[in-house]
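Okay, structure first, notes after.
Each chain gets a letter, A, B, C, D and E, in the order it is written, and its residues are counted from 1.
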Amino acid sequence: MNTLIAIIGLGVLCLLFEIFNLRKAIVPITIIGLLGVLGLTISEFNSAESYYNNMIVVSKFSTTFSSLFIVLTIFLVALGHNFYENHQSKISDFIAIKVFLLAGAVAMVSFGNLAMFFLGIEVLSISLYILAASDRMNLKSNEAGMKYFLMGSFASGIILFGICLIYGAMGSFDVSEISALSQSAELPIWFPIGIVLLTIGMLFKVAAVPFHFWAPDVYEGSPALTTALMSTLAKVVAMATLYKLLSVMNADISESYKMVVVVISMASMTVGNIMALRQTNVKRMLAFSGVSHAGFMLMTLLSFSTSAGSLLYYASAYSLSGIAAFSVILYVCKNRNNEDITNFHGLGKTNPLLAAILTAALLSMAGIPIFAGFFAKLVLFNQTIQAGYLALVIVAVVNSIISVGYYFKLILAMYTKEPNEERKGTPVVIYAVAVVAIVLNLVLGLFPSLVLDLLA
Amino acid sequence: MNVSLILIILLVGAFATFLAGDKLASKVAFFFGLAAAGCSIVLLNHYNLGENISFINQWITQPNISFALKADGLSMAMLLLTTVLTPIIIFSSFGNDYKNSKSFYALILFMSFAMAGTFLASDGLLYYIFWELSLIPIYFIALIWGNGDAEERKKAVVKFFIYTLAGSLFMLVAFVYMYQKAGSFLLEDLYKLNLTATEQLWIFLAFFLAYAIKIPLIPFHTWQANVYQKAPTVGTMLLSGIMLKMGLYSVIRWQLPLAPLAAKEYMYIFIGLGIAGVIYGSIVALKQKDLKKLLAYSSLAHVGLIAAGTYTLTLDGLRGAVLQMIAHGFVVVGLFYVAEIIFRRYETRAIAEMGGIRSQTPKFTSMFLILVLASVALPSTFNFVGEFTVLYSLSQINIWFAILGGTTIILGAYYMLKMFQHAMLGETNTKIFADVTFNEGATLVIIIAVLFFFGMYPKPIIDLITPSLQEILTQINRIN
Amino acid sequence: MSTVLILFCVLSAITLSTAFLTIFSKNPIHSAIYLVICFFSIAGHYLLLNAQFLAIVHIIVYSGAIMILFLFTIMLMNLNEQREVYRPRITRLGAIVSFCLICLVLITIFINSKPIVGEYTSTGEDYQSIKVLGKILLNEYMVPFEFASILLLVAMIGTVLLSKKEKLEK
Amino acid sequence: MNNILNQIGIENYIFLSVILFCIGVFGVLYRRNAIIVFMSIEIMLNAVNLLFVAFSTYHQDAQGQVFVFFSMAVAAAEVAVGLAILVSIFRNLGSITIDNLKNLKG
Amino acid sequence: MDTNLALVLLFAPFLGFLINVFFGKTLGKSLSEIIGTLSVAVSFAVTIYFFLQINQTKQAINIDLFDWIQISNFKVSFGFLLDQLSILWLLFVTGIGSLIHLYSISYMHDDEKMHTFFAYLNLFVFFMITLVIGSNLLVMFIGWEGVGLCSYLLIGFWYKNQEYNDAAKKAFIMNRIGDLGLLIGIFILGHLFSTLDYATLKTAIAGATDLNMYWLSAAAFALFIGACGKSAQIPLYTWLPDAMAGPTPVSALIHAATMVTAGIFMITRLNFLFDLTPDVQSIIAVVGAVTALVAATIGLVQNDIKKVLAYSTVSQLGLMFLALGLGAYEVAVFHVITHAFFKACLFLGSGSVIHALHGEQDMRKMGGLKKAMPITFITMLIASLAISGVPLFSGFFSKDEILLVAFHHNIPLWVVASVASIMTAFYMFRLMFLTFFQEFRGTEEQKHHLHESPSLITFPLIVLAILATIGGLISLPGHSWLNEYLTPILPKLASAEHHLGTTEYMLMAIAVVGGLVGIGLAYAKYIKQNTVPTEDSEITGFSKVLYNKYYVDEIYDAIFVKPINVLSLFFRDTIETALSSLVFGLGKVTNEISFQGKKIQNGSIGLYLLVFVLGLCAIVSYLFLAQ
C-alpha cells in the first residue's frame, strides 16, 4: 500500500516539477524517488498484510513483482533522459505517465478486489495508449496508438464482461471471498465463463496467439522507448497479473482449461518464433519474440502452486535482457526513421561494448547458459514436465531452436557486416542502463537462487 | 587443491588475455594455457597418489543443482587432452596475425575452459551448461576469424550452431525429465534411478541426438565439413581436436550409464551407424578437393569408429574409444596444422593447387607423412593402439563389425595417401615453399612425439582410464 | 405477462434496435443520435431495476459528456456519410459470421447452464440509494475511488500530451 | 420489498446484455469508421454495465452499482484518450477510416 | 646380455636410420653409406652370434620388454622371441640385407637423396627384424605394417614421378587389405585363446579340449589373407610387379628376398594352427599353385626385365604357398632361403644391367651383354640355372621337394606346379638369351658406354651366386640339416621319414627334364630363331592377354577402384548435398512459412479483431460446449 501511495506521490511530484520549471531535475529525482520506493517495497517483503478493506493485499508475490516493476521503470525512466532530449517541454508528462503506469502495474499485482484490478489495468492501458501515440506528428506512432487503443479497449470490454459474470456468480468483488465461495459445489456457470473471459482479456495484454496481432504493429509504430516499455514492463505485468488472478481466485483450473493454455502456449511460441524469422525491423522482431516468450511464460499457469518463483525469474530474466537490448536499439536507432536491421551492421566494430551487450541480451533470450534466460527456461521446463506436459516442453524446445535463427540474424549483422556510417557520441546513461541490466541478468544467471527462492 | 583450479586458471586467463591488449594477447593466452597444462599434470599426480581432487558445492537449491566437478581417470585423461592441446593450438597460431587478437585468444581460452568444464562436471545441469558454453566461442571464432566467402561462412556457422544447439536442447529435456525422478542432477543420483525400458529409450535417443550431432555421426554430420573448412585453423583444431571428443566422452559418461537398457537393446543399430560413418566418411573423403574438407571427412570416419567402439558396451570398446579419442585429438590437430602451414605459403587449401612440395622441404614432408601414417593407424603410433582395441571389441560383438569397421584401414590409407601424393609429391612446384619455421616444426614435433610415445607405451593412459571405465561398466550392467 | 416484463421487453427492443441502427447508420451523426437513444433506454433499464441514482449518473455521463464529446469530434472533423469508404464484402461477411457465432456460442452456453430455480432473494434492505452507494464508495471503495482519479489524471495528461503543440515543433 | 427480478428473470437480463455486447462486437468488426467503432465499444461497455446493475439487484448488493461508476470513469477516460488519438490521426491523415491504417504490417 | 644383444640387433638399423635421417645430409654421402651398411652388418654379426648360440643350446630366447596393449582378457607385451625360425630368417634378412646395402652404395651413388635411401633401407631392416623376432602376433604386426610402409617409401623413392607414387600407393593399400585380414585373424585368436603370444598360443591350442573348428578355420583363413597380401598371392598379387618402380636394390631386398616371405614366415610360425585347419590348408595349396601358374604364364611374355623377375617371384612364392598348404613348412622355408639367394642375385644382376644401360629395362633393347659384363652374366646364369631347377644348384633341391610333396598329396597340384616350373625355366632363359646373347639392340650411345659394373656391385652378385649354387646343401634329400634345425618349431619333422624311393627319383627326373625342356624351348626360340619380342602394339591373341596380365589390373580397377570413386563422387555430390539441403531445407521451410505468415499480418485492425473474436469463440465453445 505504501508503495502505491509513494509512487502516486512521485508521479504528482513530477507534474509539480514541471510547474516549478525544474525539468532538468525530473529524471534524476524520479530515479532517486523510485529507488526509495524500491527500498520501501523491499522492506515490506516479509510483512504480508491487507489494506483498506482488502483492496490492496501486500504479499511476497506483490512485493517481489512490484520491485521488479520498479527496477524496470527506473531503467526506462533513465533511458528517457536521452530519448526525450528534443521534447523537453513534455518530459514531465512522459515521466509522470510512466510513474502512474507503474502505479497501475503495482495495483495489478497487489489487488485484493477486482475493482482495483480493473482500475489498475486501465491506468496501465491508457498510459500505454498515450505513450504509443505520443509521437504525434508521426503517422506510424498514430497508427500504433490507434490500433492499440481500439483493440485494447475491446479487450477491456471483455475483461469487464468477465468481471461482471464473476460478480454475478459470487456477489462480491473481493478475491478472498470469491476464493472462498469458489470451493462450494453449486457454482453458476457464470463464474467459469467469467474466468475464461478474464483470461482471454489478459491473454490479449500479454499478446498470446491468437490475440497477439496488435503487438508487432504497435511495437513497430511506437516510439522506441515505448516499445521497450511495452515489451518488458507491460508484458511482465500482464503475465504476473494473469497468474495472480487465476491463483488468488482459486479458480478451479479444469483439465480442459489447461488444455487451452497448452494449446495457446504452443501456438504463441510457434507463431511468434516463426513470424520473427523474416522480420527486418528489430522492434518488430522483438515483438514476435515477445509473443513467443509470452507462450513460454504461459507454461507457468499449468502448475500454479509452485510456479510463482519461476514466473518471477523468467519475467526478470526476460525483461532485463529486453531492457539491455532496447538500450542498444535506442542508441543505434537514435535519429533514424526506422529500426531496420541494417542499422546494426558493423556494430561489433564501431561499438564493441554495446554489440557485446546486445549479443548477451539476445543469447539470454535464446536461452543460452549462464545467462538468466537459460535458467528461466530450465525451471519452466522442469515444472512443466513435472506437471506432465512433456509434449509442450518438446514444442518449447523446438521453438528455442527456431528462435536462435533470428536472434543470431541480428548478431550476425553486428559482426559480419561492414559498418555503414559512424555513430557519434557516447550517451553515458544508455551505457549505464545497458551494462547494469546485463550485469543483473548475468548475476541472476550465476545465482538463480537469489530470485527463485524468494517465492518458493 | 582440486580441479576447479584449472577452470579458474582458464577463465582468469581468458579475462587476462582480453585485458592484455592485442599485442600481448597471444603470449598471455599461451602462458595461461601452459599454466593450465602444468596444473593439470600436477593434479594428475595428486590424483594418482589417491588424493581427492573433486569439488562439489551446492549452487542452486531449487532446482537442486550443484557445482560438482568430479575427477576420475576418464575425466583426467580428457582434461589432460584439453589442457595440453590448448597451449599447442595457441602456440601453433603464433605465425598468424589475427585482428582483434585479444578477443580471439580470450575466446580460445574461454572455449578451453568450457570444454574442460564439460569433461569435469558431474552434475547433469552443470555439464549441460559447460556443453552449451563451449559452443559460443567457437561460433564467434569461426564467424569472425574464419575464411572464405562471408555469406557462405555465415550460413555454415549458423547452421552448425543451430544444429548443435537443437540436439543438445533435447538432452536438456532428458535431464529435466530425469531430475523429476531423481530430485537432483548429480550423476550418482541419476545412476540410482530405475527407469523403465521405454523411458530409457527416449532418454537415450534424446542424448543420442545431442551427441550424434556433436560427434558427428552420419547422417547428422552435414555441418562438419563446411565448418571445418570455413573456420580458422585454430578453430578447426579446437573443434576436431577437443570438441568432438566432448560428444564421445559424453556417450561414455552420460548416455550409456543412464540408459543402459536402451543401449543394450539397440546397440547393434548404433554400432552399425558408427561403422556406416566409417565407410561413408572414408569414401566421401576420397574425392574431396579441399584439404581441410578431406580431413573433416576423415575425422568423420574416425569418430564413427570410436562411436562404434563405445556402443559395444565392453571394457575394450570403451577403453579403445578413449585411447583413440586422445590419439585422434593429437593427430587431427597436427594434420590441420599441416594444412595451415601449407596455406600460409600457398594461400590455398585446394589439393590440386599443391603438389611438388616434398623436394622443397623434406623435413616438413616427413612430419606430414608421419601424421598421415598415424592417422591411418600405423602400428607403433598411438592411433594404432586405439584402433586395434576398438576393432577388437567390435570383433567380440560380431566379426562382421570388425571387418566392416576395419575397412577404415584400407580406405583410410587410400584417401590419405592419395591426398599426400597429390599435395606433396610430384614434380617440384613452381611456387616456392619456405621451410617450416621453428614454431611450426616444434609444434609438429611435440605432437609426433606424443603419438609415438603413447603408441609404444600407452600403459600410463590405460592405467589411468581403466578403473573409471570399469566403474562405468558396472553402472551399465547394474540392471539386467 | 406482467407490466414490468412488458416494459422490459419494450425497453430491450429499443435498446437492441437503436444499437443496431447505431452501427448501420451511414451518417455518423445519426449513429450518435441512435446511441443516445440507446443510452436512454439503458437508463430506463436502470430505473426499472430501481437504480435511480445510477440512471441519472448514466445519463449525465454518457449522454451528457461522452456523447457530446463524440458529436463534438464528428462535427470538428466534418464527417458525413460520403466519407465512409467502401468496405470489402469479405469484411462484412466475416463480421456478420463472427457476430452470429459469438451470439450463438454465448447464448447457448447460458441456455445450457442450470436455470436459476426458486425465488430471488430479497433482503428488503436498502442497497441502492444514494446514501448507501455513497457510503460504500467512500468507505469500502475509497482506494479504488481515489485510484480512479489517477486514471482520470492520466487520461487528462495524456490528452494534453497528444494534443499540445510543442514549442520546438514548427 | 419484492425483488423485481422475480418478474423478469435474471436470464433475460443476461441475454439482453449478451446480445447487446455482441452487437457492440459486431459494430467493431463491421464498421471502418473509427468514431463508430468507438461507439460500438461504448455499447459493449454499457451492455456490461447493465448486467452489473442486474446482478446487483440479483444479489441485493450495492457493490455492482459502485463498480458501474468505475466503469463509467474508465469509459470516459478511454473516450477522451481515444478521441485525442483520433484527432491527431485526422490531422495527419485527413481521414479516420481505420482501413487506411495499414502502414504497419508484415 | 641376451636382451642387450637382441636390442642391439634390433636397434642397430634403427640407429642407422635415425642418423641418416637427421644427419644424412651433413655427414655426406660416403659416411651415410657406411653408417647405413654398417648398422645392418652389426645386426648380421649379432645374428650369427645368436645362431651359434642356439645351435648349441637349442634354447629359444624370450625377451619381454614391457606391457604394450591391454585388452580385457589379455595383455600384449612388447617382447621378442629368438628361436630357430626367427634366427634363420634373421640370417638371410640381415645377411642379404648387408649385401644389398653394399650393392646400393655403388648403385645409388649418383642419386642426390642417397642418405634418404639408406635411411629407408635401414628402417626396412629394422621393421623386418621386428617382424621376425616379435614374440607375439601384434609385435609382428608392427613389423608387418612397418615393412609395408618402407616398401611404400622405397617404391615411391623417385617421388617426382606420379606413376611411381601410384605404384607405391597401390602396394601399400593392397598390403593393407591383407593387413585387415591379419588383424581379423588376430582378433579371432585373441578371442578364442586370450593370448597372442606364440608360445602360449601353441600351448593353448594344444591343450584345448573342445576347439571351435569354425572359428579356428576362420582365424586361419583370415591370417592367410594377410599372408596373401604381403606375399603377393592371388588375388592380392598385382602390387608386386608394379613395385618394380622402386630402385633395383629395393626390388631385390624387399620384393624378392625378405618382405614378401613374411607371409610364409607367419604361416610357418603358426603351423600348429594351420595344421588343425585342413580346409584352409587346401585353400592355401590351391591358391599357391594357381598363383604359381598364373604368374608364370604372365612372366612368359613380359619384356621388362624386372617385371619378368617380379612375376617369377610371384610364381615362386606361389610354390612356397603350395608347400605350406600341403603342410610341408620346412620345404617352404627351404625354398624361401634358396629363392632369397638366387632371386636376389637375379635382381641385383638385372640392376647391374640396368645400371650399365642407364636405366633401360626393356629386354628388347638389350642383347649381347655377356661380353661387356661377364661377371654379371655368369652370376645371373648361375641364378637362372638355380631357379630353373637344374640339378646341383640350390633351386633344384628346394623346388624338387615341393613337387615331391605335391605329388604325394595331390596329383593335379603337382601337374600345375610342374607346368609352372617348366615355364619358369623358359622365361628365365628367355630373359638370359634376350639380355646377354645375340647382338646389342640398344642405341649407339648406350653401346658405347657398356661396361662391367664396379666391384661393389659385382661382389654381392658373386656372393649370392655362390650361395645360390651351394644353398641346397642345407637340406639335402635324406639328410636335411634344415629339418633337424627346425624340429623344435615343427614337431612333426621329428617323426617324418626321410627316404628316397623310385617314385622320388622319377619325379626328380621329370622335374629336371621339364626344366631342361623349358631352357631348350627358350634356346630354340631366342637363339636359334633369333626372335625378338614384338612391339607392344603388335602383340596379338592369347599372348596379348598374357602380356596385359590377364587384364587383372583393369578388372580390379573396374570392380573396386572405379566403383569406389564413382560412389565417392555420388556421395559427395548427391548424398552430401541432399543431407545438407535437408537440414537447410528445414530452415528454408520455416523461413517460407514465416514469409507466408507475414501476409496474414496485413495491418488491418478488422482482421485482427476478427481473429480475436473467432479465437474467443473457439476457446469458449471448446470449454463450455464441447463437454
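FYI, a residue touches a chain if its C-beta (ideal position, glycine included) is under 8 Å from a C-beta of that chain, and two chains touch if they have at least 3 such contacts.
This structure is a prediction, so every number in the text was calculated from the model and none was measured.
Asker: Starting from the defined contact criterion, work out which chains touch subunit C and subunit D both, please.
Answerer: A, E
Asker: Quick one: which chains contact subunit B and subunit C both?
Answerer: Chains in contact with subunit B as well as subunit C: A, E.
Asker: Could you find the chain whose CA centre sits the greatest distance from that of subunit B?
Answerer: Taking each chain's C-alpha mean as its centre, the farthest from subunit B is C.
Asker: Please find the two chains that have the most C-beta pairs touching each other.
Answerer: The chain pair sharing the largest number of C-beta contacts is C-D.
Asker: So which chain is the furthest away from subunit E, centre to centre on CA atoms?
Answerer: C
Asker: For which chain is the distance between its Cα centroid and the global protein Cα centroid smallest?
Answerer: Closest to the centre of all protein C-alpha atoms: chain B.
Asker: For subunit A and subunit B, let me know how many angstrom lie between their CA-based centres, rounded off.
Answerer: Comparing mean C-alpha positions, subunit B is 43 Å from subunit A.
Asker: Any idea how many Å lie between the Cα centroids of subunit B and subunit E?
Answerer: 37
Asker: Can you check how far apart subunit A and subunit E are, centre to centre, with Cα atoms defining each centre and the answer in Å?
Answerer: Spacing between the chain centres: roughly 78 Å.
Asker: So how far apart, in whole Å, are subunit B and subunit D when each is placed at the average of its C-alpha atoms?
Answerer: 66
Asker: Residues of subunit A touching 2+ other chains?
Answerer: Residues 115, 119, 122, 126, 129-130, 133, 136-137, 145-147, 150, 154, 189-190, 193, 216-217, 405 of subunit A touch two or more partner chains.
Asker: Among the residues of subunit D, which ones contact at least 2 other chains?
Answerer: 10, 14, 21, 24-25, 28-29, 32, 58, 61, 63, 66, 70, 74, 77-78, 81, 84-86, 88, 98-99, 101, 103-106
Asker: Quick check on subunit C: which residues sit in contact with 2+ other chains?
Answerer: Within subunit C, the residues that touch at least two other chains are 91, 94-95, 98, 102, 106, 109-110, 112, 116, 140-141, 144, 148, 151, 154-155, 158, 162-163.
Asker: Each pair of chains that touch: what are they?
Answerer: A-B, A-C, A-D, A-E, B-E, C-D, C-E, D-E
Asker: Could you list, by residue number, the parts of subunit E that touch subunit D in their complex?
Answerer: Counting only subunit E, the residues touching subunit D are 598, 601-606, 609-610, 613.
Asker: What does subunit C use to touch subunit D in their complex?
Answerer: Against subunit D, subunit C makes touches at 2, 4-5, 8, 12, 15-16, 19-20, 22-23, 28, 31-32, 35, 38-39, 42, 45-46, 48-51, 53-54, 57-58, 61-62, 65-66, 69-70, 73-74, 76-77, 79, 83-85, 87, 91-92, 94-96, 98-99, 102-103, 106-107, 110, 115-116, 119-125, 127-128, 132-133, 136-137, 140-141, 144, 148, 151-152, 154-156, 158-159, 162-163.
Asker: Which positions of subunit C touch subunit A when the two form their complex?
Answerer: Residue list for subunit C touching subunit A: 109-110, 112-114, 116, 139-144, 147-148, 150-151, 153-155, 157-158, 160-164, 166-169.
Asker: Using the touch definition up top, name the residues of subunit E that touch subunit B in the complex.
Answerer: Against subunit B, subunit E makes touches at 21, 66-72, 78, 116, 138, 141-142, 144-146, 149, 152, 156, 159-160, 162, 165-166, 169, 172-173, 176-177, 179-180, 183-184, 187-188, 190-191, 218, 564-565, 567-569, 571-572, 575-576, 579-580, 582-584, 587.
Asker: Where on subunit B is subunit A touching in the complex?
Answerer: So the residues of subunit B in touch with subunit A come to 59-63, 125, 128-130, 132-133, 135-136, 140, 143-144, 150, 153-154, 158, 161-162, 165-166, 169-170, 172-173, 176-177, 179-180.
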